[in-house]
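Each in structure tokens, the structures are laid out below.
Common to both upcoming complexes is chain A, partnered first by chain B, then by chain C.
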Partner chain A sequence: MSLIATLARLEAVDTGRAQPLATVRHRHLTEHPLVFVPLTTAGEAGAPLGALVGTDRDAPRLLVVPQPRDRDLRFAFLAELAAVVLPYIDAYGQDVEAAERTETDPGTGKRVKVEVELCADAPQLIVPSRAGIEFVRLLGRSMRFRRTAEQEPEAPHPAPPHVPLLGRWLTHFGERARVPGSALLLALTDVLSRHWATGQSSLEDQHLGALLAWIDPPPLSDSLERGDPHERGDPHRASSGAEAALRAELQRDSRGQLLCPPAGPATDPAFDNKLLAPAIERYDRARTALAAAEDGLQADDRLGELTAAEREIRDLVESRTRPTWDAVWRGLDLLRALPEGTHAADRWTRDRWSFTGHRDRVLAGEPPQPRRDDAVTAANKLATREREQARLEAQEALDDPLVMAGRRLAGEAFAGEVTDVVMAYSESKRPSPRPLVTVRTDDRPHLAERAKVYRSLGGKPQAAEYVEGSYEEDGADTGGMSIVLRIIDKMGRGKEPETGSVPEKGDRVCFTLFEHEQRGGAKLPDPEDTPWTHGGPPGEATDPPADPVTEEDTL
Partner chain B sequence: MNKAALASALGSPSAFGQSQFAFMRGNAFEARVKADGGAELLRLVHEKLDAGAEPPVAGLVPDLAAVGPEGRAARTALALREATEAGAWTLLDHPMLALDVAGSPAFLEPDAVVVHPDGSWTVVEIKSFPMLDGSADAAKVGAAARQAAVYVLALERVADRLTPAPEVRHSVLLVCPKDFSNLPAASAVDVRKQRSVTRRQLDRLTRIEDIAATLPEGTCFAPDLPTPDLTAAVESVPATYAPECLSACELAFHCRARSRAEGAVTSLGRSLRAELGGLTSVDDVLDAARGTAGDPADPAVAALRRAAQLRAEALGSRSPAPEGASCP
Partner chain C sequence: MTTTTAVFDPGAEATRATDAILRDTLHGTHRGVVVDSPPGAGKSTLVVRAALELADAGRPLMVIAQTNAQVDDLVLRLAEKNPELPVGRLHSSDADPYDKALDDLPNVRKSAKAGDLAGLDVVISTAAKWAHVKGVEPWRHAIVDEAYQMRSDALLAVAGLFERALFVGDPGQLDPFAIVGSEQWAGLSYDPSASAVTTLLAHNPELPQHRLPVSWRLPASAAPLVSAAFYPYTPFRSGTDHDARRLAFAVPSDGSGPDRVIDEAAETGWGLLELPARHTPRTDPEAVRALAQVVRRLLDRGGAATSERSPDPTPLTADRIAVGTAHRDQAAAVRSALAELGAGDVTVDTANRLQGREYDVTVVLHPLSGRPDATAFHLETGRLCVLASRHRHACIVISRAGIPDLLDDHPSTEPVQLGVTIKFPDGWEANHAVLSHLSEHRVPWQP
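What follows is the complex of A and B.
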């Protein structure tokens, strides 16, 4: 964390309100994101308890597994989830625009442009917290190797039709979320804490309720309604973020339940033990009783009991997810109030490519993502993440003066006024302009001899070379320095530089020591040519075996 | 001392608790792994750690029941010695080990210890988080490795008292549910690093008598004392709160409240504290940044002022965007 961010945190402590860490929004938000608030069963892997899901903040779809250990109920939940998520994804897969992509021609080995489809927009999944992203990955992994009755009619316990497909999509979203700057799947706590600094540690920032309390504290009247008799005074005065965060984190009602339930997917142990466990037990009893019913009349009665028991669990799950659901939308409102950074759209285009690519793989009938990547795919993924990280850092700095301030403080950029421009030319046969520009700055960049620096000129980077620098001896302790730079490109082909391509005296300029655009690394061999040192070619892509089903019904 | 009761008495109850679902699942899985005289568990130890030895046929499972932790620890030591001499696969189910922590004995109960035919010992840790496609959550594996390292240390103390001292293997066996099933999957985890870290930390711990000696006469931590007395008693023991405490200590909320009230910057994170030099309180830092206090020659102060200036400049230059904090 940079010293500027640290300072913001301390100011937040001092003022009782979160302080901005960004002046623009660094992640793209689509018009209609799909919000997913899942809950899981403690101690079980991939046994969802329920979820709220949907694109309409006023009408979330509640999905519940009344007995999470029951395989059939779990499959029913996943089928319902697929019925909500897959149509949402499909809608984006159909609206395409023409685009070009460079590909290697398999016959000639040359790089050629090919016309391809690019989806005009992409679906966006929002989960409350980072644990939610992990849960999406886990759900994806648990579903994508299942077999439906159509694929394997003989196998016991077939999955409902769309479940394996949903697994592949959730896996893709989970995998994409690991790419820095991507926005297909976002954890709201991550995005909020990217834009605001609170007066608590980053560990505590992972609590969505507490984080929102710092950024946008509820008015005191809320806490009065919630039965807090200690609060007095003007009920409309907003409370301090610190107090509100503490309430969100710890305050419990008379039954010992948290007023602001954890954003999940893990539930509060007190909720599990006091409310959920008895309700599930009642449900189990009602189900056993129904199975043992002797005649139709008795069965009707007991079906009523079972429905009531299920209703109770549904209400419980809704009571734990609804506050988080509302908090997620409130967080999205806060983020939407910030103007979007220029380069966020550029990164969203990459997300659209990623989405289109996976859509094509699904349409082409390729098998699901393997359990383990082969060497070339793994190396490619790692290289992509590194490149995207560098791209994200550069783009955020260019979009946002506050981020750039951090880079300037770190000596990786400098801003200042042009004090002198001297025309000069290169010493080649056809002299080209190489103007010398003097910049006066208060920053202290770490410039090496002939180091290259870059500035943004109409959205494109213009390079310059460091010539010399001198410190001003004005007696002040923070004396500025003058830096002489030689501009070396983006001035056109003529002898005279194009108008506007060379800064003029009096201009404010900002140069960075880092490159604005990222070059791809060395090309990796095709998977078929994987050297033996890395396991050799992975072989034909085959349908990976399904997860074996256990004998017992429960996990 | 029951720190959870103490925390509640102080008015900052701890938030620790275990869901009965997790508890039941953990117990069911452990019982399954140890079923049939530990046949499955011994098979996993043989496969993952000691494939050269003869395969276990019917392992011995000595009875470790005894009265009180000291009795059980003694019984465990005896069973270990006998099993080592017998030279056969032996499973010790929930043995009791004693370890000296800061001058007072702490009793530890590993899930299981296996004695190999060659007389060496292995700690087995059974966890209920899944091992998915051969890998598990790194944070949870790390925590399990640290826990197992303490058991290895305690076992080494037992081994040292025997002649010849048997080897305590530095690879422990971590047993987790495989993928989404309740079948066990196991992996050998090398805990040499965790073991030496723990050993060093234990050696460096201030002895409890030394801490007690610094306390005022008559300090008492009984949770039924009036809150002001109790608070004074707890405050007489020095503590340095950091956010990591929240996941480890029952008194963390109490310490956090104190740390925040003092305006200590460490309550915002250790890394943050590290870059602020000698400035330890929020007010000190902000005063230094605003230029109302602090020595400009101090590099930390100079950097802070520069940071504050750059931050103000960047925030001032932005378009009058609606400030998030004042949104409805």
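What follows is the complex of A and C.
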């Protein structure tokens, strides 16, 4: 944790309120995100219990699996989910604009510009917490190798149509979420804790209810309504974040149920044991009874019981997901109140490229993402993510003075006033301007000899070289520091620097020790040229086999 | 043990190992040869010798190192051994891409384009630069230096450039790292964030593996500890005996903590200056000041180092002392503390940057000093190993008391990944081993 984040947390503890870590919003939020609040069944990985999903905060779609171990019911749930998610995704796939991309011409090997489609906007999935992202990945993995009856008419237990496709999309969202700064799939707790520091640990910040309580505590009257007899006093006074967070984490009603259910996908054991298990048991009994019905009249009655039992489970699932659903939208409101950072739009464009790319792969009939990356794909992904991480860190600092303050405090940047500019020239046949600029700063940058520093000039980085630095008279610990820099680029081609390209005396400037833009890495070999050190070529790409049906699949 | 000590001839052992390595490299049938080298075991000497012999045998050779400093160092060493050898230094197109000293070497050609260096006996560059070289005839042979610090994906980018290779490195030093999570690929044989050697051996387990058995840098006081703590299954010896190295000071001790720990370290090779237990910020001002004072006294007391290299003592000057820390801000804090004491020309760097360097005396800020917790970063075996194995004479560690308790409170809790070979010893174990040895050389001090 950086020093400034530690300070913000201390302040949060002190004031009882979350403290801002950012002055702008560093992630793009679309007009119509798709919010997905899933619940999973305890004891079985990847067995969904239900979900709230949709783009309208007032009308979420409730999907429930009344008996989570029943594979047919699970497939029915996934088919319903596909029926909500896929049309949402498809709508974005159809609205395109023309764009250019540089590609290597297979014939000549030259880099050429090609006209391609770029989706004008992209879908955005919001889940409550990081565990939700893992669940999206898990769902994607469990679905993308399934086969539908159309693909394999002979195979038992075919998946409903669209389920494998949903798996491929969820896999893509899950994989994209690993790219730093991407926003196709966001965990709300991650985004909120990027923008606010609470007085609790980052592990506790994973609890959406507690996190929101720190950022935007409910008024006390609210907690009174929720039946806390200990809270008395002015009902309009906002409670302290710490108290509200504790209530969100621990407060239970008379039946022993949490007032603020966990954001999932895992559920509270007290809910599982006291409410859910008996309800599922009633459902199972009703189903067995219906199957054993001897005549139509009896069947009608028993169907009524079954429907009632199912209704009960639906209500239970809704009661645990709805508070989270509302909390997600409240969190989005808080985030929307911040203006979007300048570079967040650039990063969103990359997300659009990523979305368009996967749309094209699906349209081209390519097979689903493989179970494991090959050596070249893995290395390429790692390189991309490292580049995006560095880019994100630089862009957030450039977009946001508060983030830049953190970098300055860490000695990675410095801001100050220009106190002197001396014109100088390079020693070459055609001397170019190399002006010496003195900056007075109170920061303490870790400048090495001849270190390069950068400032943003009209959105482009201008580089300078560290020449020398000297502390002011009153000692190294307290006084300011004068730093002499030699500007080395972005001054035009002439002998005299272009107007505005060199800082003037009295200007406020901010230089960073980190680069603003990232160089592309070296191109790796094609997968079919994987060298002997890495096991050689992975072999013919074949259609990956479907996941085999195991005993557990047909319990 | 006394009998083995009597017959152990470090020079002969080292020669035998080197001969076997060169035999496999020059005449072996395998595409790769791996050499594990403990700290100061003559890795660079081996690389230079192998390069000269491969060049002699008429095999075009590329050398892949990890940093520009390492590349320049190798070029200088090669030119020193054989000034006639045509060497190419492939460099980046940045400003000042290589050491200016290379300009004085007539047979070293420098270029940013691999094509300009075609046909030279040896071409040397960094892995990052090699990765951009495309469309050339593959080299018959390559030497990969510091292969344990090279990431698997970096090897992937350059492995197409050579047919066979000699991989040399120190498995005990810091593993390469990624700035983003890479758990997704943990357990895959080609995990891009793993070290190049891990991937190489996972795919080619039949490759011959050698190791250099003698550390010429570490004194007899340090080799047993470093070997036992960091290389428990591949032990090594020091090349010199206890009486071969001596560190003496002209100015006697003034009885202060720094002077007492200096004397302890001069006598035994190790010193632990222990400050009272306390949780502190990373740049613990008291520890930093104590460290700076130790360095200042090392310089002031007219130290002289006697070693097997020369019969006369060499003065212990600023360039023979280094300070090692875990974090960059700690290094910056130490630098400014040293500057205030007029000792600004002593090298201060993090473990990552001190890898492969050698000094007479090192002063180390313990990675766990003053911490409330022991994270994987601070426990990393390689970090402590680098810090504890840079010295020829003595190593002085500055630390807050209470680290054994801290270790006991924080057992390793990293998740176990399927398919990943667990590295032994783990940082927890190695830290305990080093601390228990250091406690015998402890000088408690209240600054």
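Keep this in mind: the second predicted complex is superposed on the first by the 546 of 555 C-alpha atoms of A that agree within 3 Å, B and C clash if a C-alpha of one lies under 4 Å from a C-alpha of the other, contacts with A are read in each partner's own complex, and residues count from 1 in each chain.
The rule is simple: contacts are C-beta pairs under 8 Å (C-beta built on N, C-alpha and C of every residue); 3 or more make two chains touch, one makes a residue touch a chain.
Everything quoted here is computed from the prediction, not taken from an experiment.
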**Prompt:** Can A:385 be said to touch chain B (first), chain C (second), both, or neither?
**Reply:** second
**Prompt:** Counting residues of chain A in contact, which comes out ahead: chain B or chain C?
**Reply:** B
**Partner chain in contact with A:372 - chain B first, chain C second, else both or neither** = both
**Request:** Check whether A:399 is in contact with chain B, with chain C, with both or with neither, and answer first, second, both or neither.
**Result:** neither
**Message:** I'd like to know which partner A:310 touches here: chain B for first, chain C for second, both or neither.
**Reply:** neither
**Request:** Kindly classify A:529 by the partners it touches after superposition: chain B alone (first), chain C alone (second), both, or neither?
**Result:** second
**Request:** For A:9, select first, second, both or neither according to whether it touches chain B, chain C, the two together, or no partner.
**Result:** first
**Asked** Is A:41 contacted by the first partner chain B, the second partner chain C, both or neither?
**Response** first
**Fill in**
chain A residues contacting chain B in one complex and chain C in the other 372
**Request:** Spell out the residues on chain C that touch chain A in their complex, using ranges where they run on.
**Result:** 31-32, 96, 128, 131-132, 134, 152-153, 155-157, 159-160, 178-182, 184-185, 188-193, 196, 199-200, 203-204, 328-329, 332, 336, 339-340
**Request:** Over in the complex, which chain A residues touch chain B? Could you list them?
**Result:** 1-4, 6-11, 13-14, 17-20, 23, 41-46, 138, 141-142, 195-196, 199-204, 215-216, 242, 250, 267-270, 272-273, 276-277, 333-334, 337-339, 371-372, 400-402, 404-406, 408-409, 477-478, 547-548, 550, 552, 554-555
**Asked** In their shared complex, at which residues does chain A touch chain C?
**Response** 178, 180, 372-376, 378-379, 381-383, 385-386, 389-390, 410-411, 446, 450, 476, 521-525, 529-536
**Item:** Footprint of chain A on chain B - complex, ascending
**Value:** 15, 17-26, 128-130, 132-134, 177, 179-183, 243-244, 246, 253, 260, 263, 265, 267-269, 271-272, 275-276, 282-283, 285-286, 289, 296, 302-304, 306-308, 310-311, 313-315, 317-319, 321-325, 327
